[in-house]
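Once you scroll down, you'll see the structures, which are given as structure tokens.
One chain, chain A, appears in both complexes that follow, with chain B as partner in the first and chain C in the second.
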Partner chain A sequence: MDSLFRTINVASSGMTAERFRLDVISQNLSNADTTKTENGGPYVRKGVTFQEVLNNTLSGTSQFSGVKVNEIFEDDAPFRLEYDPSHPEANEEGYVEYPNVNVLNEMIDMITAQRAYDLNASVISTAKNMYNSALNIGK
Partner chain B sequence: MFDINFKVLPLSMDASVKNHQVISQNMANFSTPNYKRKYISFDDELKKALGNSDQLKLKTNNQKHINNTPYLENVQAKILEDDSKSLRNDGNNVDIDTENSLMIQNALNYSSQSRLMTYAIQRYDTVLRGVK
Partner chain C sequence: MIERINRIDSSLIQKNQNNTEKNTNGLNFQNMLKDAINEVNNLQNNANEEVVNYVVGKTTDVHQVIVAAEKASLSLRLTTEVTNKIVEAYKEIMRMQL
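Moving on to the complex of A and B:
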């Protein structure tokens, strides 16, 4: 019983993490053409890294209890240069620095995040069905 | 005449109902700024009353002695507030996936409690009517 509930907790932590990844992806997509930020320069693509969560019990054995967002990192890939002398952000040679966001890659990441979210959701419903069949033993 | 199941199970089923109300409250306030999620503390209180807790018991041999074990009849689900921080800007710390999984767990818990209650009643039925 406890381990089935742990399954549900682990899967829900995965859902939270994937939803956070989707937040970051949507931030990247909406800033795909942002040429000016507070720090100056174009928008820098953000990414997330995940980390496994282990719960250390008193008996010394560590139990897995899901995933969490470890950090948001900034992509150090070079910016996209486009020739557009009339742009206010253009440099002396007439080139504008656009963010290093690749919209296609972001779309692929978005599909991956959605699939992972769905997978976690189906893990939860499987665990729920298992528990319900356990309840039907001896009925 | 009735065994302890008839005391404990209704208490925990009541607590499950209350827990469901609290979770619905959290979900309803998903977009309320500065709302902090609520949760229920019942299991620990019940454990104390049943004597299965890790907490040290105060020994009493007089009615006026201080007693730290609650009576089973007085065990109630307490609603507490979780004031942890979150990644959200609006000060709200409700995570919809966590609440959803808590709701599923609570529903499963309730099903098993009601099944246990059925069995507890059936045992008396067997005694009264015999095995059919």
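Moving on to the complex of A and C:
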């Protein structure tokens, strides 16, 4: 029974991963102008990396079983500097450090995540259709 | 000369019964069906659990709830399909002219 549902499980793990990526993107977007964090300094853009998941079977061979979130990394690109002496976070020269978040890039990432989520959903519905056609043989 | 009919030996019957039991051991249709129904039941319980988890906020993934429900529905379809086939075959045998 498990092998029939493996495709669905793999695609479902992909959907979970893409949803998590959207979480990170929304965190980046909502903090696009945050100049203060708990660690001091402006918000640092977060990114996410994925990792393949293999399940080891009893016979010693490994079976693919989807994807998982590997880590959340911090982007080390330089901060955006803006001249605004009236800002409370401005330095001696009057410049304010803004986060290294590029809203356009985040939008592109968002579209990518949405498309990938849709793709995984189509995989699930294709798998479902295939299963149903197999069941329809008996009719 | 007509040969005398032997009395049915009870040990012979027992032997035959043992043989049929040995043949069906492990591959019993009853057990197979029972296993399949158990599997469907488990999947439906999983689906229920996912719904409850989603409602109380343990899982935030909507697709996992739907996938669990879909799995339960597909396996239920498979089981009913197999059962229908068996019942059909049984009816076919019952219709046989003796």
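By our rule, the second predicted complex is superposed on the first by the 135 of 139 C-alpha atoms of A that agree within 3 Å, B and C clash if a C-alpha of one lies under 4 Å from a C-alpha of the other, contacts with A are read in each partner's own complex, and residues count from 1 in each chain.
One rule holds for everything that comes next: contacts are C-beta pairs under 8 Å (C-beta built on N, C-alpha and C of every residue); 3 or more make two chains touch, one makes a residue touch a chain.
Note that this is a predicted model, so its numbers are computed, not measured.
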Side-by-side fit of chain B and chain C on chain A, or clash: clash
Partner chain(s) touched by A:24 [first = chain B, second = chain C, both, neither]: neither
First (chain B), second (chain C), both or neither touched by A:131: both
First, second, both or neither for A:5, with chain B first and chain C second: both
Touched partner set for A:113, first chain B, second chain C, both or neither: neither
Chain B versus chain C as contact partner of A:67, first or second or both or neither: neither
Intersection of chain A interface sets (partners chain B, chain C): 1, 5, 8, 12, 15-16, 19, 124, 128, 131-132, 135
Chain B - residues contacting chain A, complex: 87, 95, 97-98, 100-101, 104-105, 108, 111-112, 115
Complex contacts: residues of chain A adjacent to chain B: 1, 5, 8-9, 11-13, 15-16, 19-20, 69, 124, 128, 131-132, 135
Chain C - residues contacting chain A, complex: 39, 61, 63-64, 67, 70-71, 74-75, 77-78, 81, 84-85
Interfacial residue positions of chain A with respect to chain C in the complex: 1, 5, 8, 12, 15-16, 19, 121, 124, 128, 131-132, 135, 138
